[in-house]
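A, B, C and D label the chains in the order they appear, each numbered from 1.
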Amino acid sequence: MKKPLLMTPGPTQVHEDVRQAMAKNITNPDLDQDFFEYYKETCNKLKKIFKTENEVLILSGEGILGLEAACASLIEPGDRVLCIENGIFGRGFKDFAEIYGAEVVCFEGDPRKAIDVKELKEFLDKDNDFKLATLVYCETPSGITNPVDEICPLLKEYNILSIVDSVSAIGGEPIEVDKWQMDIVLCGSQKCISAAPGLTFLSISEEAWNIMKNRKAPIASFYCNLALWENWYEEKWFPYTQSISDIYGLDCAVDRILKGDNYIERHRKNGEAVRKAITKAGLELYPLSGFSNTVTTMIVPEETTFEEINNHMLKEHNIMIAGAFDYLKDKVIRIGHMGENCYEEKLYITLKALDETFKTLGVEMKGSLQKHFVDEID
Amino acid sequence: MKKPLLMTPGPTQVHEDVRQAMAKNITNPDLDQDFFEYYKETCNKLKKIFKTENEVLILSGEGILGLEAACASLIEPGDRVLCIENGIFGRGFKDFAEIYGAEVVCFEGDPRKAIDVKELKEFLDKDNDFKLATLVYCETPSGITNPVDEICPLLKEYNILSIVDSVSAIGGEPIEVDKWQMDIVLCGSQKCISAAPGLTFLSISEEAWNIMKNRKAPIASFYCNLALWENWYEEKWFPYTQSISDIYGLDCAVDRILKGDNYIERHRKNGEAVRKAITKAGLELYPLSGFSNTVTTMIVPEETTFEEINNHMLKEHNIMIAGAFDYLKDKVIRIGHMGENCYEEKLYITLKALDETFKTLGVEMKGSLQKHFVDEID
Amino acid sequence: MKKPLLMTPGPTQVHEDVRQAMAKNITNPDLDQDFFEYYKETCNKLKKIFKTENEVLILSGEGILGLEAACASLIEPGDRVLCIENGIFGRGFKDFAEIYGAEVVCFEGDPRKAIDVKELKEFLDKDNDFKLATLVYCETPSGITNPVDEICPLLKEYNILSIVDSVSAIGGEPIEVDKWQMDIVLCGSQKCISAAPGLTFLSISEEAWNIMKNRKAPIASFYCNLALWENWYEEKWFPYTQSISDIYGLDCAVDRILKGDNYIERHRKNGEAVRKAITKAGLELYPLSGFSNTVTTMIVPEETTFEEINNHMLKEHNIMIAGAFDYLKDKVIRIGHMGENCYEEKLYITLKALDETFKTLGVEMKGSLQKHFVDEID
Amino acid sequence: MKKPLLMTPGPTQVHEDVRQAMAKNITNPDLDQDFFEYYKETCNKLKKIFKTENEVLILSGEGILGLEAACASLIEPGDRVLCIENGIFGRGFKDFAEIYGAEVVCFEGDPRKAIDVKELKEFLDKDNDFKLATLVYCETPSGITNPVDEICPLLKEYNILSIVDSVSAIGGEPIEVDKWQMDIVLCGSQKCISAAPGLTFLSISEEAWNIMKNRKAPIASFYCNLALWENWYEEKWFPYTQSISDIYGLDCAVDRILKGDNYIERHRKNGEAVRKAITKAGLELYPLSGFSNTVTTMIVPEETTFEEINNHMLKEHNIMIAGAFDYLKDKVIRIGHMGENCYEEKLYITLKALDETFKTLGVEMKGSLQKHFVDEID
């Protein structure tokens, strides 16, 4: 397989050190007592990124497993669940909640804007009898981040638990799980953390643990059952054999983040410069507000199609960008600037390649994306 | 972490080439069209090991995910399910079937013997109104293999589907999925395949696909929903981002098996020599029949305890063996001879270390395990 | 050790694939017949880069070993040797020739200019009784390349053999060993080839082999004796155990070059843009002619010192550039753009860091190095 | 290339950790001040193995470079040198001494026995006007170790310096450089140290340094000139760019030795058991005394040839053993049990393969090499 430069919104490039950490010799993670300490240590490092004292667990599976596990473990048949959504991922939460028997009510936001907290408050003033709410920090398909720092505390005022999909935000956008009173916050290894895909991890508040312990109906899953983990450390027992090699990689990726630069500032700076470059060139961003610093979504210029752009970028420049799917299919181009990809030099050559691509495809632009970027990044 | 020689019944040692394959640079497995071909190719290699024309899927998660996915996808509430069991893992299947609404009937075998096919036939002659049966090829905790080559065809005579946990058998014991008419056969990466833990893969018969397609009740899970994979290749779409690095490793591990020696004969030869060594030394095997060639389970000599043996082996010899759990806790010692661990020289030093350990702990033996092994292996 | 971005004129960054090639399991290179084929194949690939049909040998040692081996093997006591020099490396050749008994005559060029072929011709018209001449393709300390394409054919007109140090040129500058009638051309692994330091390789013309075979005095060295290699392939014998791991790395590095882009054009384009950026910023290049495309040497701005620049670049930007030594010590700054370092994005961030460094140290500049570079590289 | 199990007397297998250490990212070893500390630290670790306070240097080249460098740096034209020899390597020293102008006198020992110290003393009582003596600790081709612990102090009594080739001894046989008053002791990376080939390292006594400093004639080499290294640390300057990746590997290999088991005892035990197995089987060792613990040399049984044995071992067992060369060509088989290869389980399978090979080739043996080994190793 060719290995293009991955400027997609996840999986990102995985640093050589992280990949080599996965290649380390293994021990038996079920039986080696040292592994339980290692696992805990990695969880503790994740707590620093999440800014939380809540317990963090790492599950063997993709990000969506974390999301399903949260729903499966908290929701009982008949529970009223509020699905706060302004995009494809937010709306998808509804299906997961319904699988586990929830009666779901949706709060729909404008798909091109961040959730409006004022409107949400008005909604809640009318109907707030929800056990929990689901929401998405960064809507990866549209490149919109929602004000979870305001929404989660607001939900708490109405005594509503929150499950927050933060998969493409953590490691790029600010997060303060405790301060923002977030109950379950889930993330995946392959986005801003820049580890290989295969792991999901989530923080679980005391209140969320209590809900699980006091359920009436049993949790209708084993692999998605978070309650099984309650005493994993005390009992030195995992519900299944842990993905030790992937955890080696995750641990290394997390170390790179914690020991490295101010990654939130780096994402902010690069994200902003990319957006300004696009706007200055006369091209159109998809979001009207809530601009994500981890992925930029722009509307496909009318002179061409996503497929033409994508093929040209791959063949002529060996750079992979992304389109989207569902109602955004063929409408937008997405450039990921997450984790290992969120470096000025990578965006520099990506935008230079995009300049050439747009020029070849007859797209009219004011100036050059690359040069606008260079001017704006200072 | 120290890295002892892992002579446990999985995870096994992972060969350097397999670990380094996991360290290869990645592409985006959601978007890179080449990855769909790569994934398919790996599945095709697994088909050769499974000896099947059935579709094989690789899921991102531990072996138990495969087991749950099979139950979740095939079972509808109220379905009658036969749980054929003679050990901890077989019995555990009952719980999974019940989560998804099955009415489970158990056929209990002697825990120290392979399932008796004649008895099973008698049982079935009386009650055979089952949608499916669950069974375990190799009961890892007890070291007993069941005659799945006879059981599965027998079930077919009664029009009963089979879900067979072959996690610790495939790659060590003979398997003929098509010839033996097995419907869902599931395996994990970390046993005889000797890849890192984190993947499960399963073969699905045409009949099993049809059952899924003609369900009345929806499948009560997303992550465990096999039906979602129906057209993955045609649509170039996976239900979630694939664990590409783990699949790189699996592909390499499978290549090692397919291009290497006669691994089934190697497991047979080493397994047999280990058992004979134990018996000649006057020690007692746990199984009375159905001796597994991938794991040997012996009863803890009365002069000592598992904990003493285990600690001594780890501290003095840096070799990790295993005990068991549930009703076998503290009763047995298990030596894994699976995949990368199933080589004469590794068993040679393991048995030599065990000789010294038993001697130190005052266990009476006839001669030496190591020397009996050397004599028997010829 | 910290691992700064190495923008020095060698050793360069070594690509992960090359480093991992060094980590491959080894065979016995003295006894394994396959290794002789492997070594030959790597030599054949080098021939393609050298553009020669002459034999190429790889020696276990740094570049200077190749240079000494050429002198030791060709020179007999009393031989008249012409040392064509315009820099530190060219002058150093004199010492090597003298160790092996040569009577050396120097042709001195201007240290800031390429060797003037017309002047050399005038010199040779007066005195041309030389067995051989030594010269340097790229004077790494001053960043000057000499017109070896004209000099070597000119020497041949006077029947003078050439030994050409091409260590920092091959892999970046054009080379045509056969067309330019070069006798011994030597190179090292750690410059534009971007392998790890530790190997030197050289091409040897038929005439050079004949000189060695017809010597009167024995070669006064074993490790530097090229004549020992005469029948290495036929006899499947090396004078000493070969550095197999380093050769694995070299082979991979050479593959990257041969299968990659037009590397000579890439070096030309980047080298030129770096020089133009420096000139446009009002800073001074050290060379007045013969500008190297693999290393740029600029005069240290009067407002500061090399040490200040170097420390700031290392501490604030984690980028390592180089000064020089001998009469150039503290006078110049060198930026390597060789092999793996000769990519636009690396020079982009290096020049951006240099902008900030110069600004901090009070250096007056017209505009920005980085932006001039971005403008010029198009 | 196939990768057989290397049971040759060097290069040995290189441990994965050592190979991966070579794959680490590099810094510029000429310019990075930290590298000078790293190099020094590795030298200090080597001092512990050498058991010396003398300076240790690591040179970029194969073991023979160390040997030549010692001769080149210490010998002046006309010096009288005593070559103490009882084998191919000892005799070869003569040529090196002569290249650098020595008048060499040989003390010849029995090629099948260790040097007889009493005879040497008698020799020295008659003629002892030597500047230095050359000798070999372990004659790798014949598998004989010489009593350097007695010879070196004896030489000192006559005020004769010693250059000791310890390439295949250090890391396997006892060494006490200071206690035994050895002047230059040289070793290579690829024998008992089990690093990749490509480095040589040597300890240099105060007296040897003084000899170099007070030479009348200049040292007739650059690459072999040890005097250039005199102030490398103070001046932070190496005579040439160091092989940093190889040194990473060496450092890791040395760590493995220093942090591991009692490697001298391990070599003694395994070497002895191999020899006893051969003798008990009725086969003949080549040495009559001075049995090496790092390599065993046996006479080719009359029923067959080395080539037949070697081919069978390679093709049927994928194990590489060695023959020898010069006057031992086709006469002996050599089994290396050096460093990483000197483990019971590797010798177990090697001897088992040899049993099968000898049986197939019609060699008459008493019992089995493998079983004799198993009996003797206890």
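To be clear about the criterion, a contact is a pair of C-beta atoms (placed from the backbone, for glycine too) under 8 Å apart; a residue touches a chain by one contact, two chains touch by 3 or more.
What you see is a predicted model; the values in this text were computed from it and never measured.
Asks: Same residues or different residues where subunit A meets subunit C? The copies count as same if more than half of the interface numbers are shared.
Replies: same
Asks: Given the pairs C-D, A-C or B-D, which one repeats the contacts seen at A-B for over half of the pairs?
Replies: More than half of the contact pairs of A-B reappear in C-D.
Asks: Can you name the chain that lies farthest from subunit D, using the mean of each chain's Cα atoms as its centre?
Replies: A
Asks: Mind checking the centre-to-centre distance between subunit A and subunit C? Centres are C-alpha means, answer in whole Å.
Replies: 48
Asks: Please work out the Cα centroid separation of subunit A and subunit D, and write it as a whole number of Å.
Replies: Roughly 57 Å separates the two chain centres.
Asks: Which residues does subunit A have that touch at least 2 chains other than itself?
Replies: Residues 16, 20, 23, 25 of subunit A each touch two or more of the other chains.
Asks: Mind listing the subunit C positions that touch subunit D in their complex?
Replies: Per the touch definition, subunit C meets subunit D at residues 1-4, 6, 8, 10-11, 13-14, 16, 19-20, 22-32, 34-35, 38, 60-65, 68, 72, 95-96, 99-100, 188, 190, 196-198, 218, 220-224, 239-246, 249, 320, 322.
Asks: Which subunit D residues qualify as touching subunit B in the complex?
Replies: Counting only subunit D, the residues touching subunit B are 16, 344-346, 348-349, 352, 370-371, 374.
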